[in-house]
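Heads up, the thing below is written out as structure tokens.
Chain lettering (A, B, C, D and E) follows the sequence in which the chains are written, and residue indices restart at 1 in each chain.
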């Protein structure tokens, strides 16, 4: 079965190519069928591969499929080859399955759109790239997928291209992630220069052998890769693009900007965990970035009024958790959270898509309200997804994954109480903004009657994801619940287990605090946004409240800062120098030459006596030369 | 004398005078040859003078013919009258 | 002998100065003739009597006669003098005179640097000249004949009033040109003259 | 004079005989076509006579002329060029209402003058050759006596040429006075021996430079060039630009090489100044000029500057480079002025740049020829001009004249600009005048064929220069 | 002989096509197409037949050559020779030739014959440049290709064609003449050293030169190539020329003419003047970086689509220059791939601009916009090539740029980082191109015809080639490898040898640096890591090492 691995990215890619070439003339039904089918097949193949992986794990925990030589120059050799281990398998499975459901969902959601086949083409291309990203056996192939998903994200954010605002959002996303990619590319050069290869497995081995613990190279490489990860995963300070990315169609937001692509940074760091393990500095940086992001995004989410933006900030915040997990060496916890997050965040987005379609593309939650009765499926999806997101104890997937991360933050040798504390604050915030969203949208008075009902094509994926959001957490039960770390064990061949240090609190005790935080948040949300809504409004109206509101609303003003620092200077320079100042050198030369002409021209007076005079002057000069020499 | 011819050439606007000035210059050059020949006691200088004489005659012939044409054309002997071309 | 040389030389120079500065073409021509005659004397003192003779015969004789013919043909008289006066301001001499002076200065400096001329050694008479001319320089004579041929054809073509080919009848412009040529002042003044 | 002398002089004798025969023919029967035929036949015969002459060279024929391979090469060039001029004049003069036949006598005599210059190794023959050339050129420039500018050109040329000849003579006299000889090789003896009179020679040479410089039209003796080029009838301009300069350059080479004056420090300096100034000034003057004849005049100033770089380089290579460059230049200018002549009408020459607007779309063949000539002037490959420039730069490089080469490079880039201006007009697609707006005269068959032949030679020289290069190498060895 | 055909076919067809066009313009087009296709097939055939042993060409340098005397008195020979690099470039030439003929099918109506004459002659000139191994012949071809190009711009160009064509001509002419002077200087230097007059490439390669002389001669060559490339700050002719040229002209300019500059650097500057090139490398690479960034920023500022694309060329060719002067095998190979890939992608960009202009009669992005709505296929192609230009992995441009950067990093961290920022900047203009040109609302209500079958074929082929280069560039790399190896030996060999002999700066293993593995790569752990580490450990950058060397050289025996 392993040898079918190459089909997993190829089929979506072929689907994308066919859709691009023949799409414009295709019936929407055919296009949808083709799009869903190609992903479906590839999901099935992944499943088969996973089946075999579980039963007959490949020797050494990884299987490499070499397709062809990509480039080979001097001592630089790279292949187009795929590498499958537990880590990539998890990602592959999640990507193919979630995207399959989202494809199915989209076939109804996008119905009637002009660019229907184009949408599926892009989505397929995205899936193909994402799979290449997770399967690439070397960093460059990973980079190919990495950039590929970036491009697809750009294409999909700007999918409704007629509105320039969407285009701007798309450009912002692409450019911001590419800022990170620049760092990552430099990291690649560094790794190759130091270790002589870009093959991930050899690289990891070489790093372990050649670099001592705390090596400066490991730190540099780790930080550069972290830069890339920050860009793609929308972490501080490059997080600003993600909320704007919500300009794309909602399924896109669900798939790319929530479930899969944005977690590529997590995958990258997990993939190259050896480097981070070698460098405490780099690892700490990851953790700090994660912690800072989760708090910052939490505050930003709290004051948004656009339903998708709230979810976007929550995504940023949740990826912050994953980074925190990675940063404290809780590798498997981070991956675990990735998986559950993929489920519940996709669910939330799909549900919000249902709301938005019903509300005639109205996204402002304050113009909604009381939708509980009108849209029960969406409501329950939100409730389940929201609880999972916020970590309702015991019954939701999010609770287990987030708990694992937080326990890692507290207990691992590189972790600390401070990091843990930030995590807990994050839980409070999450619960606060999640339930704020739910209460405002679905409870309270009803402002607008929703119109159309959604069909089963949208309903089924939601239901499936609802299920997964609940049961997805049971693959890893913490010690206080019987200690069944199936997930961690499964990943053992690819990622080391979280090292246990001594913690100030017992796992159960710590978990208790987290649960407390959750309920605190829930309660506060209930109080401020359902029970005494006017209180929250008056708080927002006060001077300080308004300032804070504005500050958070604009994501801590970072867009403004970047605009002043980078965008405007570059734009100004380009515009000011549109005519190319360097050209002045040459036009200047031309002007000098021309003036030479016009002045010399005066010597041609047409008068014969003047000509004779010149003759004589010439003679005088030359005789003078003779006389002087 | 050569220099004087030169001055004449540069100063006069009347083509006739210019031709005369040229004659003076040629004559001066001829004088130089004759004296140089005399210095070396050779006939060559004088032979050269003879040819200069011939040339002077030829130049004057063509020059005066041209002068007549110009005069018919421009009704003037002013050389600057004939300076249509410039620049 | 030397005294004659110097006197003749001074006369030649003075006559040339006058040639250059006279306003009346006829006067200038006469001075030029005087200058040429003086040069003939100089030739004689330099031991070239044959050249002296030729100078008188050809230069002062033939060539000057050509000039005189032209002057007569164009009827250059008083009008020309007026015109020349307007053209010739003393200032016009300054530039050329300075240039010429520099040139003379340079040459004299160079000559002075190299030492003095040796005096003439011996007279070179017509006989020697003839031997040289028709001996080694025979080809030169032939070439001179072609020079004259060229000048002849050229002067004939350029000077001819019927320069036109077969088809032309004596052109009117020519005739009017000749007729109006009588009055130099009027026609000359018609032309835009650049003189200040 | 021995029979060998006669054989050696045969080309010149045939040429002079031709001019006499033509004159007699005119006297008996005035016929334009017959005159052209006779002239052409005479030139062809003279060309043929080079081969018998080649069998006896090198030979000093009387003290005045030396017939060696160098002379013969230039004879050939002059004959061929004159033949081309004669042929292109036919169509040109047919359109003009003048006495046409005398033109050919003058052209033949001018060619004779050039030949004498080329073969001269004595002041007397030098001077006589120069004056034969000058006197005929006065008449030729003013040949179209009904045109004011033609007369003006003749007058300007006469006054200045006579003045410069006087300078030349004066210089010669100084040289003669100090050396006691007028033959170039003997001057070398005297120069090499040094002596007190040395300085006289220097002064003499400096005066002679004026004479050379005037005929070559190099800065600062160049001012007459555009006026004469513009005023003279196009075929005459071709003559002034090609063989007159060619012969002068030949005698320049011969005089300065054989008399040893080239090796004088001051001479080299003077010519370096002249060369650099010519290259820059010539090209700058042409930049935005709108009269094609004047453009070519200014460009000729620059080209002579390039030639002087070869002269400065010296040695066999310099002489050969100069000769090759000159050959290419002669062909090119003949072609260029031939086109102008072919397109000229009776009223005026086709000298305005606007006359050529869209020419390619109206007369592709002649436009292509003109373009080829312009590219050759600009030194673009496939043309002889390119190889000429290449050879010149090579000669300069072999003598390490880097500063001059640098000026050459920069100047020729400036030069490219104004050639392109003409080319742009030729290939312009907008505002192309129709035949009614700006009628183009029919190109005369003879002239057209001549132009085509010139173009073919131009390309041939540009691609397979080998035979000509061989001939030139043999020729310049005669100088040493 | 086959090489002569490669030149003669376009030349002869050009003449014939030019003549028949008056009678039958269509025949002229078909003839031209036939000639370019024939040339393309010949070169592909050469490639396929020789592919197996190209990489083994160590003794015998050339796949094919012809060498006969031409102008014997100067020692000039008609020497054409082809190795892997020229083979690929010739193939590219004919490929883009086909594209140019096809793209002009409907665009050119006036002077069809002369147009195709020029088109084919410029191709012939370019092929000549790529094949000439006699420096005189090289210069000959170098100049020869300018004239038809000039005409293409000056006659069939857009509004400011005269200005642009003259500017183009003057720039290239001046730089070309400087190269001529340099060639001659080399020629005489070689004569002075050996007594032989020759323009032969191989012979001149080993001319002993004093450092100062070598530098000056090298600069002469360099300027010519740098102007063609074009290197900052000699680039200003390019935007004008590219913008004003007709589509085919832009394609050839961007796709081929610029490559002749890079070709010259690889073929002549590095091997002929290794020491001087090493000393000059810091300046050259600095200017390359300046070009990358400056070009990208200026491209961003443009509103004329063709001008925008033109500035991207400045930026991309900066990578080529960077790679060449970094001079490690990786970087040079990367530079070469960039050359090929840039030819394809930017050529296609210009074709797209041409198609847009043909349909809308404007190139102003302020007047375009929203084109996707009416011409999705064309816009899709534009999107693809924009992504190519932006350096999306999987498309040819990325491979080249990545290899260059990877190679650069081994020599200088800073340069690599700056150049990578250049890649980032490419995103700015790329996105602007699509956003302003094709996205947005269709304000002007354009209703246009989408790609015709001919155009689909063209674009499809270009996309396939670009993807092929991006995903499987190995055949190209293998074909280029022997050339790269020789360049590396010539460029780095002497310096390395000196390093080893004299200063002992670097341990002995470094001489193995010249190795240029082309054998089937073993993905498992071919770790030449330690060697690389040497480079890293001694922060002696290749050029810096050379600098250090000259210092030791001047210090004489003190060490």
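Methods note: a residue touches a chain if its C-beta (ideal position, glycine included) is under 8 Å from a C-beta of that chain, and two chains touch if they have at least 3 such contacts.
Note that the coordinates shown come from a computational prediction; the quantities given were computed from them, not determined experimentally.
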Mutual neighbours - chains that touch chain B and chain E alike: A, D
Required steps from chain D to chain E (each step between touching chains, minimum): 1
Chain whose Cα centroid lies nearest the overall Cα centroid: E
Winner on C-beta contact pairs when A-E is weighed against B-D: A-E
Chain located farthest away, centre of chain D as origin (C-alpha): A
Farthest chain relative to chain C (centres taken as mean CA coordinates): A
Chain A and chain B, separation of their C-alpha mean positions in angstrom: 95
Whole-Å gap separating chain A and chain D, where each centre is the average of the chain's CA atoms: 77
Distance from the mean Cα position of chain D to that of chain C, given in whole angstrom: 29
Centroid distance [mean C-alpha coordinates] between chain C and chain B, Å: 5
Where chain C touches two or more other chains, by residue: 95-96, 99-100, 103, 106-107, 110, 117, 137, 140, 144, 147, 150-151, 154-156, 158, 194
Per-residue overlap in chain A, given as positions that touch at least 2 other chains: 601, 604, 606-608, 612-613, 616-617, 619, 623, 626-627
Two or more partner chains touched - positions in chain B: 5-6, 9-13, 35, 37, 39-40, 42, 44-45, 47, 51, 55, 58-59, 62, 66-67, 69, 73-74, 79-80, 82-87
Inter-chain touch pairs (all): A-B, A-C, A-D, A-E, B-C, B-D, C-D, D-E
Touching residues (chain side chain C, partner chain A) in the complex: 95-96, 99-100, 102-103, 106-107, 109-110, 194
Touch list for chain E against partner chain A, complex: 167, 232-233, 235-236, 239, 294, 297-298, 300-303, 328-330, 333-334, 370, 372-373, 376-377, 380, 383, 387, 392-394, 398-399, 402-403, 405-406, 408-410, 413, 416-417, 420-421, 423-424, 427-428, 431-432, 435, 438-442, 471-474, 477, 481, 484, 515-518, 520-533, 535-536
Chain C partner contacts - residues on chain B that touch it in the complex: 1, 3-14, 16-17, 19-21, 23-24, 27, 31, 34-35, 37-47, 49-51, 53-62, 64-69, 71-78, 80-81
Complex contact set, residues of chain C against chain D: 106-107, 110-111, 113-115, 117, 136-140, 142-144, 146-147, 149-151, 153-158, 160, 162-168, 171
Parts of chain A lying in touch with chain D, wherever the complex brings them together: 593-594, 596-598, 600-601, 603-604, 606, 608, 610-612, 614-615, 617-619, 621-623, 625-627, 629
